[in-house]
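Below is one structure; the comments refer to it alone.
Chain nomenclature is as follows: A, B, C and D, assigned in order of appearance, with residue numbering initiated at 1 for each chain independently.
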């Protein structure tokens, strides 16, 4: 089966997904959508791991993929908690209100 | 088995400190006694094993520290000295633990008390068993810590907390000496293991200069450590204050075991001291004068525990004197007998205090003989033992020390004379204590007590340990009957021959110590002995004359009226504490304040603040790109990533 | 014209499609039967008659036809959508709820394989090596139907009901997953068919080897399907009817269908995991095959599994009419503070025992 | 060839849904499309022979993480208003297409002779077992750390999201 789906296909798909996710981070003002875009980017990394695992013929890539899932879960949990806290503080979750770091 | 000896007290401390429910006093007491008792049984077994084999045994635990050439294994050694010490520690420890259950039964936090006490036993065992200076130092610091915790056990009162702090700080001075000693030892010999060090010293015979100057400094440093722990001049000041702790603590830590650590340590390193005669002279004089100095202060103290505390300092002075004149075996023997009778005296005093509802002033006691018959009997035995009445243990050990001092070639008779005077003082103040407490009419202040309980005898589990200790106070003396007396019945000094393998004089140093084994006329020995017996009898008789059935104020007035300045000086304990306060503590505090103001506030804080101001001033220049917009930041991160990717591809 | 020769892949694809259709049709018959049971059973318990009038001339058939009438009513009722609803999701939600449950049922091995024309065909629609994981995954997806339904209705009760339901389902998925792990440890496979084969004799049944797992699984079965005593998401006394308050007619029927399909699937899974699946106790499969042939034996197996599942369906009804409803905090406490630690402890103990026995 | 066809199918689904995630204004719709993307990716994993990864992808991502998103969206009631405005779309869209094009060129260059040859000894069909073995032997330590991390994340998120209802102790 491995010869049927060349790894270049997975690579291109992963890159496209990654840039869709990155674009989402850049163009959206809604924090939740930004977080979802980050999930997209993480998923493209996952796809790369799995494809690489297939390519080199061992399971390390899949193991890494499961670690990435753990990281994604942590990121979502904390990110969403922060979204809730921000909502409580500012009354909305638009990113342009979060400018406390302006120098 | 040796590890079990260590494990039981540690387990007891952990159980009482962290794991067990804290409500039940019975449980905490039981666990503590069981822990120390089991340790005692194991120690007996270890000792018998050693005694049968007659060879020092090393027990390697694990490699503890390694740094370059420096290796410190966690290694235990069982030999004549540590075998004896673990018996003393766990045996007397067990008795005192049993006693403490009764003494502390009105306390709320007995678990804390017993956890500390068990931890102390563990640390003390570590101290005596360690086969190198570092393990010993761990124990050394550990017992210091436990002592601090237990002195300040009633920390709600500021005086007690301060006494604990004082003990800790004064001990630190000694500890610095100890540490410097360890550093010097490692620098010169490259090892900290006792076994290796002793073989080094033996090898040094072949060197052209058998006594390098370094040994003088090493031994002096260790002696400073011993001064701190064993309360010698000038570092003795913490021990009287340490009586702020509960009486069983005073008995166990500040009389029987911990304070003898200095003597133990010097004996452990006797091979060093034999090779440093100059240090030995200093040691001998410090010991002798401490003995006299503390004994004179004890003459006029009115607090029963303070008298015993100064007496302890004085007796420790005897032991140090013994070490100083090269009679380490006599010193250790006195350590053994002193552990028995001083523990007995402290516990007896504790029983009196307990019966008097925590009254410690002897002027308010008196006539307790009929209320506390058992306590009286055992206290009497203890007093007879400490003042050196023939037939009791103190007699044999103290006379051995005085005799060895007398034959010391440098200033021997002077040392003997100082010790002799101190012996008289000892007899006087101990008999005074006995008379004020147990004989004559009662001077209880009837208004001071809300309750009208008569003083009553303590429960059996408090007096039973006393009886055992009283028996020991008599019996252990016969282990060390001097040779010239023992020859009369065809025996010899069992104790000295027991220690023979341990306290040996390095070949290089042998010429300086010929007097120790030289033959002397028995008539001289007899004469000295009879003189000291007569002197003690005289002093004791004076005390009886002065204090039995006499109103206390009258006698105090009598003495005070005739020697007012001397009396006041003694009452003020030679004003040593005040002197320390004025000459050392206050200037130190002033210097510290000055340094704090100058260095910390001005220079250090100033530097840090200045850097901060600088950055705050300049950072505005670079911050125009900090728009605070997440998207802009994200874009640059992404652009950077792509840039790196492109760069890495071409 | 010559018939094209069938190869293995084609046969399997055709078989899968056929099996799926069979399961779909079969599954459609569960709600009517169950509705009848749900109405007759309380009657039985409360010593009354229950629906027994609708009939065909003089054959009343114990009221069986009543459900037919109900179904007809449900399907032909007028459909109404609240004005403020999010229409797309409102229509989509019931389907999203149904699909995972259908996938769930599809992964159940209903019997040993059969042989048609020399082709071996397994009796689960999709046979996976990771069947147990697959089931957990699709249960996770199943939450979306409920959540979306409540949210899309855009009403207070619906939203509350759906939040309750989905929180409950997520919470109980965890002990459900934990209860499967000891079985996986014991039997050494995630493949449901192999799990069944591993339980070839009665004393190797899951319920005997891991009774605590069974206990946890049983509780989670009720919670996952939002059935009494954990039916607070409906809670008619508090939330009117929870997430499907606004739904009527055919879409309501779809929710109904997915609830009963989920019940059925979980009942089957319970039989598979803990009661030897399609195997008849004390009668070995080999014996059956030698007596009846492969295909008949498989049929007997299917019947056995259905019988076992039927018992658990009955248990659902039984419990519903026996136990009162939990309070919401009690439900969450049970899930997080009791079942979760119990499940973890169960895994540890099982692993320990296995390690000791292995050593 | 049928696998390749499926690969393209799911790739198109994933990309389309992903575009939907970032372009749709309704956050719930975006979340649902995210689920679609994730499931399509899970299908890709199956095609790549990683059944275990596919299962946890669905189980954890779709079953837990996105549900969390949905919950938060519902709790904050974001569906009611149009919050999902774009930021100067045209400028960014231009940039985005440029970047994508650059990336694809890069992959072309990369894939010429730089990628490892496909291993002939492909994984056995039962690679759940192999993944498990790897996780609990070679990767045991990272695995335990990951569990610790997620515990911390759980606690942290509770602390962050909790309403500050309790008054300060001394106040």
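What we mean here is this: a contact is a pair of C-beta atoms (placed from the backbone, for glycine too) under 8 Å apart; a residue touches a chain by one contact, two chains touch by 3 or more.
Predicted model, so just to flag it, every value in this text is computed and none were measured.
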**Asked** In the chain contact graph, what is the shortest path length, in steps, from chain B to chain C?
**Response** 2
**Asked** If you tally the C-beta contacts, which comes out ahead, B-D or A-B?
**Response** A-B
**Request:** Averaged over CA atoms, how far is the centre of chain A from the centre of chain B? Could you give it in whole Å?
**Result:** 67
**Prompt:** When the centre of a chain is set as the mean of its C-alpha atoms, what distance in Å lies between chain A and chain C?
**Reply:** 34
**Item:** Distance from chain D to chain C - Cα centre to Cα centre, in angstrom
**Value:** 29
**Item:** Junction residues of chain D, two or more chains touched
**Value:** 52, 56, 64, 87, 95, 99, 103, 110
**Message:** Which positions in chain B are in touch with at least two other chains?
**Reply:** 631, 635, 638
**Request:** Check each residue of chain C and list the ones that touch at least two other chains.
**Result:** none
**Fill in**
All chain pairs satisfying the touch rule are A-B, A-D, B-D, C-D
**Prompt:** Touching chain B in the complex: which residues of chain A?
**Reply:** 22, 25-27, 34, 95-96, 98-103
**Asked** Mind pulling up the chain B residues that touch chain A in the complex?
**Response** 619-620, 622-631, 634-635, 638
**Prompt:** Across the complex, what residues on chain D touch chain A?
**Reply:** 1, 3-4, 7, 11, 14-15, 18-19, 21-22, 27, 30-31, 34, 37-38, 41, 44-45, 47-50, 52-53, 56-57, 60-61, 64-66, 68-69, 72-73, 75-76, 78, 83-89, 92-93, 95-96, 99-100, 103-104, 107, 110-111, 115-116, 118-123, 127, 130-131, 134-135, 139, 142-143, 146-147, 149-150, 152-154, 156-161, 163
**Request:** Using the touch definition up top, name the residues of chain A that touch chain D in the complex.
**Result:** 1-5, 7-13, 15-24, 26-30, 32-33, 35-37, 39-40, 43, 46-47, 50-51, 53-60, 62-63, 65-67, 69-78, 80-85, 87-88, 92-94
**Residue numbers on chain D that touch chain B, as the complex places them** = 87, 95, 99, 102-103, 106, 109-110
